[in-house]
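In what follows, subunit A forms one complex with subunit B and a second complex with subunit C.
Here is the complex of A and B:
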């Protein structure tokens, strides 16, 4: 090797480059603090009269006496918020703030939050049914199934909050389809061409009996149940024969559905270690 | 035209020529007397009949001579003393010619190319003759046949070069002494090489590793393309070069017409190219989309008002139309590229200043693409228009310091890019068109200062270089607006400033007349490119995510070590072996972004990823090349190469039913898109006194099972292809190159070929192709 570095400048180069490789750095060490949080998962189920829905079967009767069946239910919930017993609230939006649920797609029926949730007692869970005005932008979902929920631009744009599709026996005793769809409503200056204003029909749901304790490292699973019959009763008795199959451009009917939405959801809590 | 037509033309020409006259050829190899290495691009002229040729990358040549008279051959090369050989009788064995390196042997004085003879730089040269022999329509197609090189193939054109696993802006691709092109497509359907017609190339020089720093920031390798063909002549001369190439299967043609000439004072060159290709059949008979249309016009003018002072201007205009990219969500509809450049080379400034070189350029790319040929255009028609401008220059002074040579100077590059995607909803007729910024007036400036010192002793070649780059970038805010104009994503913190120091050094030890041992170490630092910094929600990665630029990225640094050993023996041939190890710090990768922060904007993607630096990655590999000595009747070559790359800690996103459901860490995950082990064997026979040289080439590519789990990369199977080639020198003016590639109609695809959009099917390579290239030089 001595001969290799006979010229001082040659030696200098190699010292310089040995230095370069030495400068590649050392990673700094950090101490991981003890965790103080747990996790939450919502699981969505769909019932009528306290029983899981049997789809496509004309076995149900609503408060107005309509016989009906359910084909499918698709909806968005967003901005899930937890209310701590100490009076603070926590918005769970660190990863996903709008969640799509589809009765035909089991993977959509679990809403797994990545948010680290401080341990403690939580009095309740609330969420927005649908999507708030500031978040409901047309074309924000580019992939199905969410993109199939688009709400026509001339009706206010954005996305449906709910598609509850089924059939009922109408006054002629014939099977007729109903599309119980909720989204942005319209106030018409002259129907159907001229809209004077839009109505944001999304609403806030506070899950009754949704208090829970969360321990460190625990994953709390809460079953969120949509009690479908409640869309058609309390406070408004909803009669398909009165309102017809489609309600998308009938703000006064969507307003009834929004009022009925307050007690559609209930909760059951479970714990996984 | 089918293969039979081509073959019959070849046979007719062959027979007719045999019936008329026998042209004799002298062949041989040209080597450096200093290190025995073959020299590419030696210009050989036969004074007797004005025939001329160049040596290929193996130093081999073949030139027509008259029988029964004294032949005078002149050998010229910029880095070597000119040599003249008087040959009384045509020898039975190939000539072996040794050229003496010039006194100022460590320097380069070629205007656009590179006559740099320092043996430590890992350099591969590809000559015009090498390129003329192939059916390739794209520069990347050729480059991926070189050892340890690959090409990411997404469509009919624009194969993106990969050197030892380094790709995209990890490689510095430049034209004619420094011109750079910023492609328009965010998905790199038009890398810089796609804007240059392969038929225009005079040569390609490839430097592997981060060692050649004086040409610009160099992270993993440098590719220098030369299209300039101006030459000043003692007396006025005009030459015409015409090329027509056709092929079966991948039905189409390439064509070129060039007129060049000049005298001592002026030199000019005018060229036009027209290429058109259609779809092709793979080995299993499946039709693959592969249509393309390209045409170009090029003009160059050189002035030498006094000896040693050369000025050049060049203008290059090229168009691409309706080029299929079945692996991308869009096809290229229109590309319109203009390149202007001005160069100066001055010599004769005295003993100390050897030469001064300057080069300024502007390249302007207008690129339009759309999804109109795709099934989902019946719901949303998306059209993207991108305007990319690259302006820059380089200034260098070369000092002859007696024992050593110093070259120092500076280089500047300014890249600006702006692009918009429009979306028209077909299903909702009243819906307005949505415009989305892909880049929002993004700008990157780079000012570099460099110095390279070469020093030579009888036993050692030394080289060291350093480069300081000051890089600054900014952009209008990266935004995404809703249809109603509400802001749904914004990042206004778009300023970035970097100061990068790159260093390299190496030495070659001439152990004896037969052996050389070279060691090179280097650190090449690369500022994040304009896509990595400013792209706004577009799927530009290997995986299926919309990508979001990150102006806060840190520069990526490649620390590389190369060790090469060559053995040269005029009886046994040339053997070159090399290993490299690369350690990349602040490796630029990407992580998923919460959907609550930003939602994907492209149909079919799984989510949004944002570029980030990860700690480190490693790459290592080897290369072996062997060439037999030039023999009268045959010669052969063998090469093998392998690279592997590792990300020590990769993040894999778990996907169920098209939704990301979680993530996991994978230790020692292979880096994606690394070409597999490959070996080539070629054998050539020289008949009819070198007038006819048929050959056969086996290409053996191993399966690639070292695939990235984090990127859900698919393994690819091994394959072997056989190609028959023939070179036929019909006369001094007419040469035919023909052959049959993929002789056995093997159904295969390269590992780096992307998958066809909406399926898991790979983009298959063509089945059997018969090709014929006719070259006329007048």
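Here is the complex of A and C:
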């Protein structure tokens, strides 16, 4: 019995020594190379005439003279790319490369990249507004809120790039709803039943004045601002009275919106140590 | 000395293991996890509270309780009321306009007080993450812990004067006395002592199994059947802005729940004085007159329609969306046809749209024995 009693104690000693050696071993492995990377977060904000949007208030006037309000904005951006001053580019978060933004859901308004980003000077940031043809597949999002963005199969499938919903005072001074929605367009052989081809309306945005320097260990936060009035003013003056309340089946109107979309976004950069 | 210590340790170990052996004669509480099969295209995120995981035993118990009229806490034949009194399987767990006890499908409570609103669909509830009820009063992040999920709905139904008008203590005490129930509670929750909390949990578990996903349209999505030409025409109208534009609120191929579970003022009224609309929950003036967009699955059999049940048939609903939509400051921007009075469908288009909506009927669900009344109750 005596021997039996002693054996567990010896075993405990052995485990303790082994543990000490194991942890010492771990400690000796900590001679990591010096870190060379930082982090990036995009924060999305939404403005009209340089001020945060006051939703559901008919206080805005667009370039065509339409008085309008904004109720909600929902959209996808994807394939965020950084252009380094050395001429290389870096595509971020290739496994979570599509991000949904919703003005009603604050948690969607930050896009925190998992990638470690090499230090250095970056000349600009760009992204795809919407989702590229290669990636825009129906049912790839089964959970809300992204799934609520689905774009019907008969109109091209996949997902809305943008829902910008609001109201304007029409020519009869009635409050009229508008659904300024972008996605895959249709060329009709015979409207509305026969589509001869589809048009991919996603486009690249190069954020102006988005150069930044990223130091080691730094988290750079870039505010990406959607200047909503630009959807309606440049280069095409967009008149709701002309185009009506819905545009999903009007490719010629979505084409105007796409051209205006190139100038919708601007950037501000901030740094957190 | 050492021998004494060793003997003491051995004795302790012997007693310890003897104790374990004795305990093993008690039936252990080991419920069987219940796996929800997620149908094609449905969300993978489920609304199941952490303190009420789905178990086979819980679902089985919940089914008994759902159908047992003694849920009223009373035993007199005239005083029985269960969930199934109003929620009929053959009407997709709503009353339906042909309910024998509730003319027009307008339920009333055990004392005859009518419910303030028409019934809501009681299917595919496990995917509702935005709030239960016409105005979403029960939602998972509600600061009020008693108003978060289906479990709380069970308690509200038991107490409400326009429903069971019961007493939760009386109800749980009655079930405690019914042979068979304490054993079922023990299997489901590890304790023979019945609590109303566990009654709510069991019924909620059963409610979460009520999944309807085998309509003709589902079979079409799977490539198993083809839709007829009128049904396809209707589907086209359903999913186009220049047609019916139903899909933004009621889903489609990309959102097979056939609802967003969100709240909209769809243009039924211009004056809003209902104390149970969405505005009461959010305080947002844009939510005056807003109510949940219901799923359109099985909608064919779940009249009357709208929060106040103002329409008896789907034809009336389609007529409303065609020419009866009214403008107000809080009308949803998605109702972009409002200044034309609606979507202006022709008679043929209305017929086609109805044909498509009928493809969302799931007869297998409405006759599936596993959702039906048990052949006998635990004391029978």
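Observations, loosely collected:
What we mean here is this: the second predicted complex is superposed on the first by the 240 of 273 C-alpha atoms of A that agree within 3 Å, B and C clash if a C-alpha of one lies under 4 Å from a C-alpha of the other, contacts with A are read in each partner's own complex, and residues count from 1 in each chain.
Heads up, the rule we're going with is that a residue touches a chain if its C-beta (ideal position, glycine included) is under 8 Å from a C-beta of that chain, and two chains touch if they have at least 3 such contacts.
Note that the structure is predicted; figures quoted are calculated from it, not measured.
In the superposition on chain A, contact of A:56 is made with subunit C only, not with subunit B.
Shared-chain residue A:249: touches subunit C; no touch with subunit B. Of the two partner chains placed around the shared chain by superposition, subunit C is the only one that A:176 touches, whereas subunit B remains out of contact. Of the two partner chains, both subunit B and subunit C are touched by A:154.
Once chain A of one complex is fitted onto chain A of the other, the partner contacts of A:223 are absent, as it touches neither subunit B nor subunit C. Residue contacts after overlaying the shared chain place A:139 against subunit B and subunit C alike.
Once the two complexes are laid over each other on the shared chain, residue contacts for A:123 go to neither subunit B nor subunit C.
Once the two complexes are overlaid on the shared chain, A:95 sits against subunit B while remaining clear of subunit C. Applying the stated touch rule to the two superposed structures, the overlap between the subunit B and subunit C interfaces on subunit A comprises residues 4, 138-139, 142-143, 147, 150, 152-154, 157. Contact residues of subunit B toward subunit A in the complex are 423, 425, 428, 430-432, 434, 455, 457, 460, 462, 464, 482-484, 486, 488, 503-505, 507, 509, 521-523, 559, 583, 585, 594-596, 599-605, 615, 656-659, 661-662. Contact residues on subunit C toward subunit A in their complex (touch as defined above): 2-3, 5-6, 9, 41-45, 129-130, 235-236, 239-243, 245, 247-248, 251-255, 260-262, 285-286, 327, 329, 331-339. Put simply, subunit A touches subunit C in their complex at residues 1-2, 4-5, 56, 71-72, 138-139, 142-144, 147-148, 150-155, 157, 159, 165-167, 170, 172, 174-179, 181, 192-193, 244-249. The residues of subunit A lying in touch with subunit B in their complex are 4, 7, 9-10, 13-14, 16-17, 20-21, 24-25, 27, 93-98, 105, 107-108, 112, 114, 134, 137-143, 147, 150, 152-154, 157.
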